[in-house]
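After this come two complexes, each holding chain A, first together with chain B and then together with chain C.
Let's turn to the complex of A and B:
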């Protein structure tokens, strides 16, 4: 397969030899493009084309102009939607980080065999259907649910608390879904931290906590940033979890888009989607700008 | 450097019957040694001989299964590394990649809560000592291997430890740089007077730097002596072979008298040996003679002499390496330092050695 592609690349390379003498990188470009072609084609047809449709609709429906966007900007309703969406995503990210960091840290200190096993355990939720998990939470958190039953039986509550259909419920569900991703990203960074650095810190006079704060923590920060970015961005677009566990209490961007599309209000739905996309792109850009430089974290030893 | 106030007295390091086990594997089977105040002691051995484990135990990075470690008068066996005040230079340098050269070297000083001025002054002084002044703001990844090595050394001595431990610190550098740094390290160690224990598997490195060498094999220290003694009178054939090239003969003593003995080898050679360290007749012995002790010529000049063909003659710069095929089929390795006769490959030669140069092991 590879050989075939190379042959085709070589053939094209020959055909364009006059170009290659002027632009030596062109041959490589042709070859690289051939390797990327299947994916680019797939993305083009099933992602970029529809996305362009969404972009066009956000400016053209119900009538041409930027009215969909000015309404997003000026309306208090939309402000609440944005605020709720970002707050939920931010808190979910924070809780995931606080839960995942100690777990991943512990994993990174274990022998490989144990670390892989415990990592596998933490991934089990990913392989369970998302709806099954969410409905399980409705059973646990409901008015007559398991948790309320226990709390009343233990005498801690006199009457059932409102747990389901709150922002807390939404966040419990989202943390449950996003936690494995955070753990994996953190662990993969932490496991590359050279243990000799920790021994060196020890020999230079640092206590365990000082070694953590001055060596391990800074070296794990790329993983923290990457994990937070991943969880935050995915959380921004969550639909099913707030829909089921939130019970309509908080309207997030995704829920709003779904409702508008439900009544064929394509224009506002498209505009909202484009804003969400823009925010995501800006976040990625900022991340690259701030933490994309490899220099600080390349392991210290020049090959 | 003494007048700048970096001089300090080293202390004695004593290791008593230290054992270490990884699972079923005994990495150390009871090693004892004393490194004297200000001494440069090298642990020399092949990989897996336990030298790094022993160094880590002395440094407090590994807890021994048994035995005791003393620094000065103090039993530090259960003391964590951070309280031992020992400088440790790691094989891959273990520089912190996320902070600058200055911060790397200042790291142990910050932990000791020194004032800003003191830190700046000490870092500056130690960087001058290792000839890295001006590179303070670089990150480790922006340095060459040799520079990284110097930063690691600076970081290990800046807090004025009484003992310096180094685990193959020159292992990943090219030969020329390694030789240069060997000399620098040795000079620095003498100036600081710091007790140093150095791990290497390179016998040339061990010879050129050490006051004494402890040769290790499969978890045990088999000989501790000066480099010259280790080379000239190794305790056994393993050491003899490890610290230099050796022509080795397996045989037994067939005859002995006041002036020496006669050995017959398994492949039918016989030669005379000095008797000072061999007792008994008909005893299986291993004999060895170093390549530089072989004499090659057109005729016999020495005690033990054989006819052979000069099969390989390699120019090495200051000397030649030669391989001689004896009529018995045995091949001997020789070094020729003076070329009085114009020999060439294929020549029929006499090869021999003084019986005094023969090493004999029981």
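Let's turn to the complex of A and C:
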């Protein structure tokens, strides 16, 4: 039976082999096209084409020219929007780093089994519905919320503090969302640091702090840069968190874009989107140049 | 010993930070679950009683039920479409594309880089022109766009680790290329396919920005309904829904891990079976050669 099939196969192979020898790339090209076409068509029609449309609109609406962009530059309203967006993203990144660095350091000093369990535990929030978490923050931070209740009961406050619908609330929500990512990136760098280097520094008479400052910290810097860039890039585009926890106090780029597109005021919204897109792409290319994107998804082990 | 005593206050401080961060990460979960059992309309923590009132409130409301149904259907559709498209692209990238790999990969990963708010207005624009806005199909397409990068990353890395010689062995033993793919490659890829399905499902399940633009009253997903609900009030109904979602997520993670271990166990079981058969053959042949030599 097998001999029969192989014989037939061999015959067919011989009959079509001229095609292969003459156009060796043909088969691959046909397969590649057939396999990639559905996805690329979908992305082309529903993603890249309308994205180009947004770019065009930023120059053409309400009237042709670069007026949308010059207004972004000159208007105080737009400057405030940019300042709020970048400030929130920068502070979120900083707070994430300050919390995640000691956390990841602690993880990296634990035995492997414990470290991977605790790492998994710290990733649970990623898998929790985003609106469930935001709801929790509104309940905790609200005017008659849990935190105010406790602070008043403890006598630390006389009247409820305004916590919800402030920039602080937005940043608490954003830090909570981005912190697990920062932890993963930092931990993946720290866990690859060669422990014998620390032992060597130690045996050469360095104090614990010196070993950390001059050996561990420099070796962990790639993770710090990668984590900060990642958190900053993602934080720039946040929409839901400022919408729910900010209560319209701070207007970020994303909130402005959503509001203006809602009333079909496409020109300024498109221009602002293009600026956000340009910043994101530049930062992303920097990230890619420095670290390579694949590393992020292959568990962070640098080869 | 000496060094440890010097480091121990620092050690304690590190553990303290560690504990605080972990508490912070779990705080929302810890708060939401008890609140969902609040008996009154006023939120108190911890609640002064236990009641399933808000669960009933959510279950009896036609709109919440409908939103749940839309989300489930949408998540499953997106998971399947994304994984099929992603598998095709991953196969092409690992086996058939020799030039321009980086370019194609950049195109496929672009939706991951572009902020979702920008993707949303672009998709909103094309959908209003083509009549796909506020339709179920439109939501499937929109969610597929943002979920597909994950699928391609997961499946491409799995295919790159896959040993092609296994497939070649099957073909040389008489399997057709398609047969070898279905019976050798796909089972080996099963964990990656599962991961891709889970990732795409969760991406759709928890997506808010696109549905704010594209979902209408008829296609209101659970996150959209929650979003609109939260904008106006903070009744504990959302706590009940959130708790259900959290429990479903934890259940999902557990199911995922148990299924991957189940796949692993099945494979190990099959491997021992095959090994046993081979051993039988081996003992048979050694026996045969021995007797042969003796003769």
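Note that the second predicted complex is superposed on the first by the 236 of 303 C-alpha atoms of A that agree within 3 Å, B and C clash if a C-alpha of one lies under 4 Å from a C-alpha of the other, contacts with A are read in each partner's own complex, and residues count from 1 in each chain.
Rule of thumb we're sticking to: a residue touches a chain if its C-beta (ideal position, glycine included) is under 8 Å from a C-beta of that chain, and two chains touch if they have at least 3 such contacts.
All values derive from a computational prediction rather than experimental measurement.
Participant: On chain A, which partner touches more residues: chain B or chain C?
Facilitator: Chain A has more residues touched by C than by the other partner.
Participant: Thinking of the overlay built on chain A, is A:286 touched by chain B (first), by chain C (second), by both, or by neither?
Facilitator: A:286: touches no partner chain.
Participant: Report for A:215: first if it touches chain B alone, second if chain C alone, otherwise both or neither.
Facilitator: Once the two structures are laid over each other on A, A:215 reaches chain B alone.
Participant: Give one of first, second, both or neither to describe whether A:77 is in contact with chain B, with chain C, with both, or with none.
Facilitator: neither
Participant: Of the two partner chains, chain B (first) and chain C (second), which one does A:29 touch, if any: first, second, both, or neither?
Facilitator: second
Participant: A:278 contacts which: chain B (first), chain C (second), both, neither?
Facilitator: A:278: touches no partner chain.
Participant: Is A:204 contacted by the first partner chain B, the second partner chain C, both or neither?
Facilitator: After superposition on chain A, A:204 lies in contact with chain B alone.
Participant: After the superposition on A, what does A:196 contact: first (chain B), second (chain C), both or neither?
Facilitator: The answer is first: A:196 touches chain B but not chain C.
Participant: Touching A:66 in the superposition: chain B (first), chain C (second), both, neither?
Facilitator: A:66 sits against neither chain B nor chain C.
Participant: By the touch definition above, which chain A residues appear in both interfaces, chain B in one complex and chain C in the other?
Facilitator: Residues common to the chain A contacts of chain C and of chain B are 202, 207, 297-298, listed in rising order.
Participant: Taking the complex as given, what residues does chain A use to touch chain B?
Facilitator: 194, 196-197, 199-207, 210, 214-215, 218-219, 295-302
Participant: Touching residues of chain A toward chain C in the complex: what are they?
Facilitator: 1-2, 5-6, 9, 25, 28-29, 31-32, 34-36, 38-40, 42-43, 45-51, 53-54, 99-100, 102-103, 105-107, 118, 121-122, 124-125, 127-140, 142, 144-146, 149, 176, 179-180, 202, 207-208, 236-237, 239-240, 243-244, 253-254, 257-258, 261, 269-270, 273, 276-277, 280-281, 284, 293, 297-298
Participant: In the complex formed with chain A, which residues of chain B make contact?
Facilitator: 59-61, 80-88, 90, 92-99, 107-108, 111-112, 139-145, 148, 155-156, 159
Participant: For the complex, which residues does chain C have touching chain A?
Facilitator: For chain C paired with chain A, touching residues are 3, 6-7, 10, 14-15, 17-18, 21-22, 24-29, 31-32, 35, 43, 45, 85-86, 88-89, 91-92, 95-98, 104, 107-111, 113-127, 141-142, 144-145, 148, 153-154, 157, 173-174, 202, 205-206, 208-209, 212-213, 223, 226-227, 230-231, 234, 238-239, 241-243, 245-246, 249-250, 252-253.
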